[in-house]
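Chain IDs A, B and C follow the sequence of writing; residue 1 opens each chain.
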Amino acid sequence: MTLAESNHMQSSGTHPHRPLRLPHDRYFDPDPAQKRVALELYEAVANLPLICPHGHVDPRAFADPNYQFGTPTDLLIIPDHYVFRMLYSQGIGLERLGIPARDGSAVEQDHRRIWQLFADHYYLFRGTPTGMWLTHELYDLFEVREQLTSDSAMRIYDQIEAKLVTPEFRPRALYERFNIEVLCTTDAATSRLADHQAIRDSGWGGRIRPTFRPDAVVNLDAPTWKQEIERLAEVSGIDIVSYEAYIRALEAQRAFFKQMGATATDHGVTIPYTHELEPAEADAIFQRALRGEASEQDAARFTGHMLMEMARMSVEDGLVMQLHPGSLRSHNQPLYERFGSDMGADIPLATEYTRNLRPLLNRYGNEQGFTLILFTLDETTFSRELAPLAGHYPAVRLGPPWWFFDSWNGMMRFREAVSETAGLYNTVGFNDDTRAYPSIPARHDLARRVDANWLANLVVRGIVDMEDAHEMAHAAAYGLAKSAYRLG
Amino acid sequence: MTLAESNHMQSSGTHPHRPLRLPHDRYFDPDPAQKRVALELYEAVANLPLICPHGHVDPRAFADPNYQFGTPTDLLIIPDHYVFRMLYSQGIGLERLGIPARDGSAVEQDHRRIWQLFADHYYLFRGTPTGMWLTHELYDLFEVREQLTSDSAMRIYDQIEAKLVTPEFRPRALYERFNIEVLCTTDAATSRLADHQAIRDSGWGGRIRPTFRPDAVVNLDAPTWKQEIERLAEVSGIDIVSYEAYIRALEAQRAFFKQMGATATDHGVTIPYTHELEPAEADAIFQRALRGEASEQDAARFTGHMLMEMARMSVEDGLVMQLHPGSLRSHNQPLYERFGSDMGADIPLATEYTRNLRPLLNRYGNEQGFTLILFTLDETTFSRELAPLAGHYPAVRLGPPWWFFDSWNGMMRFREAVSETAGLYNTVGFNDDTRAYPSIPARHDLARRVDANWLANLVVRGIVDMEDAHEMAHAAAYGLAKSAYRLG
Amino acid sequence: MTLAESNHMQSSGTHPHRPLRLPHDRYFDPDPAQKRVALELYEAVANLPLICPHGHVDPRAFADPNYQFGTPTDLLIIPDHYVFRMLYSQGIGLERLGIPARDGSAVEQDHRRIWQLFADHYYLFRGTPTGMWLTHELYDLFEVREQLTSDSAMRIYDQIEAKLVTPEFRPRALYERFNIEVLCTTDAATSRLADHQAIRDSGWGGRIRPTFRPDAVVNLDAPTWKQEIERLAEVSGIDIVSYEAYIRALEAQRAFFKQMGATATDHGVTIPYTHELEPAEADAIFQRALRGEASEQDAARFTGHMLMEMARMSVEDGLVMQLHPGSLRSHNQPLYERFGSDMGADIPLATEYTRNLRPLLNRYGNEQGFTLILFTLDETTFSRELAPLAGHYPAVRLGPPWWFFDSWNGMMRFREAVSETAGLYNTVGFNDDTRAYPSIPARHDLARRVDANWLANLVVRGIVDMEDAHEMAHAAAYGLAKSAYRLG
């Protein structure tokens, strides 16, 4: 028994059949006058279609009309690092949660046992967004009406399992049920987008669009970079013997993505450093990298240069550019060696934008046709750097609170820190940013409630009137995402 | 049509004659008990005279008794970078807003057309302090009773224009109407303060005081530094051939400012680095600068040294020292080249005070007669560095939230972050810090409401009683600014 | 008369016998529905025993059954840098407050005069935690029923003085009255724990445990390091001629502390840098230090290495490891020279954990038996670094808000910033962290109110139900501190 378990057991008994509730007026601040306004604003946008301009749902789920999600554990635990990171933090090894090890060594295979372990520790998620999303999913999607506890675990497992095998729980059916208008995936720059092609060919009416993510072919110091370049050469049909050929191959792949429906690119970097290299210098670094001789500094300078290049291409081809900096990926080296990346061990860093983005913004930030959407894991930059940048440069827009901050408090802090300087209209609405497909409605619903709550507060304090607040709620829930990502 | 315009039009119709309201109980938190207390506290200070110890109003407005503000566009748009930065961020070129270009090339001259463009995009300011100030000005000063929209734009323009030509709208008349007790301007160290002299000579009773701002003669690496030194030599009558002569000239100008009514100096630096140089080293750097050979490092070290020198002079002459660090001025180089500085493109930087100010505070921070007022654009320093420094050093006081943070949320966050460590009495009341003269009452009113709201919350939670809260509200609205800036 | 005094006097009259109140429902947010829930949650934990796992009470107070606290000034002013730092910040010299100078030069000896000065400036503490704690102590412990003012100062002094000489105000009697279950002191690694031994020998039933704090023998660049090493050799009986002997001596002292009841260690560093040195390198640095030749860089590297070593020892001996980084001690050098350390002049620094702790966490962070409790004076790290680390690594837990942040707003911000990512169960309850023994109940009471308020907000918004909220309040007030510090 872990410390946390013993701590929990001391004060809790067993509680069979504790009812699960999902109140219609949940989450809003309690002041009755403000809550009435919040509800009115929320209800006006609650059923708008979902715009999903950035996320990590696997397009295969839509390419195969008969795709099934597997067991409840396959759906809700094994792929969701929000869930298993919290269990791991309290001493539950990833092996016990069925997370596959890289060397193929044995991990727990009994999905009911894993689910029971999850239920035994479900109290850890009290007050967390994961807890709020799961409550929404259990109640609304799986029609569960009792709380998940050690006692109810197997009953709830049975109930979810029974739903998952029905046709109503195929991804395409859920797309309609969720009222999704468009959903963008995130795809390697080297992808042939076979799943997206299959979706098109199938004649299904759902709008699934790819997003161009070139990190793997840009980061010279990644161990797989050379193979990725070979793959880029293969898919583009361009022999990448020089920096110039590399740029041509990237341009070709962007054109292909765009033709396949992409409206945006996405870039993950540790530091948002930007700096334009002379072509000869870029080529020299590129050649060193091809020979496996690039230094750490080469890699940093090349990444900074490629952000400039990607901005230039966006100015030319109109793809919206997203920048996600500031995560130190796979902080836990022993865990990475055993289980790989995306294990809940990516830890944010303090991030500087003002000086780092200056070269890029001086070169491209005044361009009318260019949109650069900035994200952050460092909330201190919202009021200090990001809102001032977005409130000045025509190209800059602010992405919604990312990752750890896609939560009630995170989203409220974002609105309060950003709006006085940048206003609402330099932000881009909500991104669910998830690989947990069934959580999408819960995430959008939470975001719409946050904005209704924020706006209701402005209304009751006499800062905006109801007519303006309704327009703002609509923009936040629907219009801004659609226009910023050019999904109109 | 910009993206923002199309986004806005999708959900908005035309709304002729939407009434403009300015509720007496606006902005306070909605809890009825707290709001009652807030109103009582606010009403007790709402009509106190305005102390304006720091700002950027042009003294010429008071020197000439017949000064007129021009058109509504001259008054409210062209000089206010809070306004045009937001419009620019949504793709509206500064040329279209009538901002004069440095090369004298053509910009929009039709002030009604500019006003219409502003009105068409007025929705961008929803929830911003600019929107709140403008609502106050339109309603209270210009007696506008309908909201500014595309439809009402010309009616409102006419109404403001008609007011601006009347004697009641001369700056001196507004000074009385605004109930200003004293207003400090910000003046170059090389100024002869001719406007201030003219005000004195005129016999008008308004109290307009200069503030000594030496940045242009301190920053060795500014392209105009050499000319500024020549101008300093001219006004001081001292031949500045050495560091020692330079210091004498600065001391002479400080004495002159003080004699003209100044009680304070102001210093803008990128980084608040302080370090005392040996006289020989200071002179060597100064000589290099005179020869145009100073390096970037020379400039940084000299600025750090001159902050020490300015503190020394303040200890000697009693002028209060203000420090405004952390703005990267003119971040947008192409815009700077076309339009110059103060174009809404100054972006904050993360700022360090604990280590940087240590030399200055170790040398002068324990002096009884010395006051150093610290400002910041990095809110993270409020609780981490600034409140601990102000809650210890006798010389240190905290300036009010600056620039982007002179807003409802910015001021609330300041009180909540600072007060538990530094208390109220290590802060210095409100600064309007504006060049938008007619916005002064709106800004002070907002600040007084913030403090009433903050104190009402302490009262209803049982942390302070009403008697103390009234004293604190009075100090925040009036007494602290007067005593800290020695304006008594 | 100081500026602050004059400012204060302008608006205040004299108010004999202003009643002092301590409302039962104080501090909670005012919304009536939320407040009802908060009160219910608070009342259920208000009388739980106090767990005091980290603090600075002198064990001598318990070793001597007849220990007396001296005068009211001895008890409440002279030892409490929270109190005198605020008075100092407003120009009241430490001499006037009776703080002993290092050179033994004369300071104020009249404790009534000091108390009067304190009362005259008591308004400075409005809205501060010090003010809230003192109100609680005056009302609850000393049964004062009028506010502390210039007028009431001597009456209140008399009242406290009369209490302090009674047997009920001996430390052991207060231990019972305060309902303390266990109290941990903080002790130099070189201590023989004579007071702890005396407590044991006395047969008194109170549980006073030592904590192992090795900073003085780890920081090579401290002027007293060499003497501290000699003292370590003496108490451990090990001749410290090498790094290896030094490590053995530390291990021996840890074993001794553990045998004397210690369950934890504590480490104060400026920067939480960690890095493992090769043994030969560690020994070379250690030898240089013994010869008085260690460089600043040697000291930094050695401290980083010793944090790794201390973690290793904790893995082996099970002592919980606490880390308190980020305070620049004795920032005010002239004050330090005159009065020494702990004069209210320690100023926080921006602190980085993600990169700095990576070596330590990669080596020991996945260990089941290891607990590392992280504290901070940089609130920006709560959501950016600390909650993500605690929400992943099994070893990491978050200490409660420290120092300046052990306040209503500080604790509320902590819960709101941390809980969505790390949950409640990766935090460790409350630390009073005080040398002001009689303030302990006030501090715990404030913390329990904060958590009741935070949880009530989650309840009324429908995020947790009452049953869960009761469990969480109990864990926050009692269970988590007990289990995290292994005090069960």
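Please note the rule applied: a contact is a pair of C-beta atoms (placed from the backbone, for glycine too) under 8 Å apart; a residue touches a chain by one contact, two chains touch by 3 or more.
Just so we're clear, the structure is a prediction, and the values are computed from it rather than from any experiment.
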item	value
Same-site or different-site touching of subunit A by its copy subunit C, using the half cut	different
Superposing rotation of subunit A relative to subunit B, computed on C-alpha atoms, to nearest 5°	120
Computed distance of Cα centres, subunit C from subunit A, in Å	39
Multi-chain contact sites of subunit A, meaning residues that touch two or more partners	31, 350, 380
Footprint of subunit B on subunit C - complex, ascending	3-4, 6-8, 10-12, 15, 18, 21, 23, 25-31, 85-86, 88-91, 123-129, 131-132, 328, 331-335, 344-350, 377-380, 404-405, 407-410
Of subunit C, residues touching subunit A in the complex	31, 33-34, 350, 352, 354-355, 358, 361-362, 365-366, 368, 380, 383-385, 387-394, 396, 416-417, 419-426, 457-458, 460-465, 467-468, 470-472, 474-475, 479-480, 483-484
